[in-house]
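Given below, in the form of structure tokens, are the structures.
After this come two complexes, each holding chain A, first together with chain B and then together with chain C.
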Partner chain A sequence: MRKLAFFIPFALFIGLSVFLFSGLFSNPMERESSVLDQPLPAFALPDLQQPEKIWTPDSVKGKPFLLNVWGTWCVTCNAELAYLTELREQGVMIVGLYYQQPTDAAFGEVFDLAALQQEVALKLEQQGNPYQWNILDKDRTLIFDLGVTGAPETFLIDAQGVIRLHHIGDINPQVWQQKLAAAYQNMQE
Partner chain B sequence: MKYFFLSLLLLTGSVQATQVLIEFKSPEQQALFKELTHELRCPKCQNQNIADSNAVVAVDMRHKTLELVQQGQTKQQVLDYMKSRYGDFVHYQPPLNKFTLILWLLPALMVLGLILLLLARRKADHAELVDEAVTESQGQLEQQLDHLIEQYRRKS
Partner chain C sequence: MIAEYGQLALTFALCISLALAIVPLYGSFKGHQTALQLGNPLSYALFLLTAFSFWALSYAFWVNDFTVVYVATNSNSLLPWYYRLTAVWGGHEGSMLLWLLTLSGWIAAVAMFSRSLPLQFQGRILGVMGLVAVGFYAFVLFMSNPFERSLPYFPVDGRDLNPLLQDFGMIIHPPMLYMGYVGFSVSFAFAIAALMGGKFDSTWARWARPWTLAAWLFLTLGIMLGSWWAYNELGWGGWWFWDPVENASFMPWLVGTALIHSLAVTEKRGTFKSWTVLLAIAAFSLSLLGAFLVRSGVLVSVHSFAADPSRGLYLLAFLLVVVGGSLLLYALRMNSVRSQARYELFSREVLLWGNNIFLLTATLVVLLGTLFPLVHKELGLGSISIGEPFFNQLFYYLVIPFALLLGLGPWVRWKQQQVQPLLKPMSLIAIATLILALGTLAALQSIQANLALLGLLLGAWVGSSAIFELLQRLQQFGSVKQGLTKLNASHFGMTLAHIGFAVLVIGVAMTKTYSVETQVRMKAGEQVELAGYQFRLVEVYPLNGPNYKGEAAELDVSYKGDYVTHLHAEKRFYTVQRSVMTEAAVHARLSRDLYVALGESLNDDSWALSLYVKPFVRWIWLGGLLMALGGLIALCDKRYRRRSAEPKATSEPKETADA
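And then the complex of A and B:
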């Protein structure tokens, strides 16, 4: 009985310590996306540089690709452009989904497509252009349907247009190797 | 200097908070909108509801909530809509499933454990008392025995 009375609080203490310690290394932003293993939600959005071209789930699918949610306003997205460009050179297909921040009419802001196109072109010229093309989601409808919480986020879409993987945060060599590379290679075969 | 601060005050007066007035068809819809924006959780933030947050995603969720409420959707429909995109995380009331079962079970298990512990301790205390009583009575018996032996020795 004495032994037990000693052991129970001790075990509780150890258990709590392990739980809290592991919490130090967990990422609170990481949680499973609820659109995994589902086909791309319906959308019809214009190309960023050629707005007369409309992209739909049917027109984007055919080959496995990375759908990268980004914006020129997003610092982390800019940081990952160089590595994504490297990936493109290795033959990885990457499509950009442009995250347009809301314009605040109360501050006299208006959406200016020409200015945005220029800004994006300049940015991609400076940092490298990993994108086959960019889809402009001005009102963040597809972004909302994909459950995107911010930028950058990346989805891995297979040839049938089904969402297979989701990554929140930037893509760097480590993330690519550990999380995405194998899944992407598998889809190629 | 004084005038400088005074002019600063004047400046603040000209910057007015812009508030958006939302029109509802009925007080019920207004109440539902309020309830939902307080129960839905901003997925970008650490522990803020969407009524409280101005993150882009929270603003978008507020607009979507409003749109769905104005369409006449029920609370459950709006919650399902949000959960199908942002997961269970987005509602402050976690559903009961195999991942969250422990939240419900743990308190019950702890109470049960405590009761068992108390019972066990009581039993142990009781056993100790009995033990003591036994040793005590044994001591007395031995004394009596000693006493008797002494008596017989003297007689013989």
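And then the complex of A and C:
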């Protein structure tokens, strides 16, 4: 027994190496989303351009769609607008979830809905409008529940309102082809 | 052409390292004297070639040779000359070259200063280091060559050094850290050489001690500088982040500290033999693991170099050969070794055993915290992250018994200690501890049962124990004055390092408890109060540096109406890398730091500022410095510089023995 004890460090090291080896082939930045295969979390949020209209999980579902988290302040989001618009023209349904950055009253910032509406309308006019409509998440509650780490992020949601895919980062032709297109086509059938 | 010469020198160096790995080892097993004697010239040649190669890369930076890819990605013609030179180790390839330079430096130093060792033993040490060197030289030449050219199409100007690294702390932090990491390869080589020989008297431990101390002291300085740099450069007043790469440097330090103490036991008492060998292997293995974690991209960290799986694969294979091989050798050789010395339950041996247990537990905590997210994910259990609370809480639990033992340890004799004679000094120390801790808090008008009280108690306990013990030891020589000349240096070193630890503990506890901070919006002329200090923003004006633009804020600080100091905080925008950096303004005193970071410009001429008052934060780095200084003094001990090889290990411990 005593002899075997001296092999313990060696055995532990070999065990550790196995994990280090497999760690080499996975991306540490990659996170599994905790909302995968879950129905959309409960929410009741206003439409960005028509605030009197309130969107809920029940009113958005019915058809598979992409839920795209974005903001005019986000450079990468602006860059993907053009390609997303192209997707819309191909018949993909895309809903925007507008990521409003926190306003800090201590720094004299106030939330101005009219100005925001104007800014968004102008931006979409210039860059292309991929969105059927935009949901305004002023206090970032839905964004929090969805586990969004930043913008842009996109969720693929099926006809039953269940989240099937969570993509972090922008959507470009390559990402669409490799990661999203097949899943989206499957849902259509 | 210079860059090509540099690469050529590096290629020669690889060949030399191959020879160094083979020839002396062959000589040691065949008893071939000439082969053994070749070890020294080979070591010197290795160092000279590497130094030349390093100079060649530095020269390319100096003359802005942007045809060299590495220079183009890490420098810029507008970069001041001193940062151009330190940019040599600002990226992966160059920092590996620095690694080689330190490795060959240590090898040459071993060759030079261990001529008094038996030739066979010295040959084995150099051979083992040669083996390690082959792995690293091949890695640099084949997988991360810093001399690669981008001819014929080369950029007109470089992409500039990462602005985070344009700081004085960064100039010396990596070299110190590498001296520490690589320095443990010497202790490692001593242990492996001893394993090869199969002779485990305490001589190898005596020879290994100064080298281990030297490596440890560099690592201490390196970690301390890194912490100091983060504090100044990252702009949010933190000094330790439990970042995976910080952890990677902290683990060899913890094991190295354990090793220093365990070597003392092995040398003085001839016990803990297999344990000490294992620690020597572990300290260097953890250094290698650190290199792997930083350079393979398996973990997310601010320090990570660009991830490249083939590099990671190579380093992992290297790790398997070096660490796996030495642990296997350890398992095969060690099971025949028996310790002969006996000791009682209350003895210095047992207390140092306790020291090792706590340091190793701490290492395990850090290792688990660092690698658990990786393991968790690879097991398919999903992503998790382990943050500060985990480490902090476990370290609180560990440091209490550790510090209590540390206060007791130096008083206790080898072999056996009677309880009775210690009662008086220990109660004196306990009283002094209470007075110091409560007195300090009373002076701050805040006596509460909080972390600060705990830290002060532990720190005062360790500190006053160290000082009383030194005084008592000095008196044994007749008088304190006589003792000062007669007591050996390593005892002074130990005392100083222990005081350093006490200072560090106090610093951490006080800073954690009493730091205050606030984020404010200020216009020129406005004033904000924090912890009794009034910060007045005088003005903010534009700034034009060589490779950056930005703004500078001038503040006046007063305390209860009396002017204290003027602060100058900057916010820089580095034009080439397009990144924003804060240069925090710090006014440092032993009792507190005032720290101001300039934030965003807000729409109406006002600015966002972060203000911090951090009591005792200097003590953290002061403690680190004292520890390193203690190591340096211990290193000067005459015993380590005896010309002749030690005749035989004495099994009787000297009474002046230190740990």
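The rule is short, and it goes like this: the second predicted complex is superposed on the first by the 161 of 189 C-alpha atoms of A that agree within 3 Å, B and C clash if a C-alpha of one lies under 4 Å from a C-alpha of the other, contacts with A are read in each partner's own complex, and residues count from 1 in each chain.
Quick note on the criterion: contacts are C-beta pairs under 8 Å (C-beta built on N, C-alpha and C of every residue); 3 or more make two chains touch, one makes a residue touch a chain.
Just so you know, these numbers come straight off a predicted model, no measurement behind them.
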For this session: Please work out whether A:6 is in contact with chain B alone, chain C alone, both, or neither, and reply first, second, both or neither.
Result: second
For this session: Check whether A:35 is in contact with chain B, with chain C, with both or with neither, and answer first, second, both or neither.
Result: first
Exercise. Who does A:146 touch here: chain B (first), chain C (second), both, or neither?
Worked result: first
For this session: Answer with first, second, both or neither: which of chain B and chain C does A:22 touch in the superposed model?
Result: second
For this session: Go through the superposed model and pick first if A:102 touches only chain B, second if only chain C, both, or neither.
Result: first
Seminar exercise, completed: Across chain A, the partner (chain B or chain C) reaching more residues is C
Seminar exercise, completed: Note: overlapping chain A surface for chain B and chain C spans 28, 31-32, 34, 106
Problem set entry | Touch list for chain B against partner chain A, complex | 18, 43-44, 46, 55-57, 59-61, 64, 83-87, 89, 117, 120-121, 124
Exercise. Can you list the chain A residues touching chain B in their complex?
Worked result: 1, 4-5, 8, 28, 31-35, 101-102, 106, 140, 144-150
Exercise. If you look only at chain A, which of its residues touch chain C in the complex?
Worked result: 2-3, 6-7, 9-10, 13-14, 16-17, 19-26, 28-32, 34, 106-108
Problem set entry | Complex interface listing, chain C residues touching chain A | 274, 278, 281-282, 285, 292, 296-300, 309, 312-313, 316, 319-320, 323-324, 327-328, 330-332, 334-335, 371, 374-375, 377-378, 382-383, 521, 602-604, 608
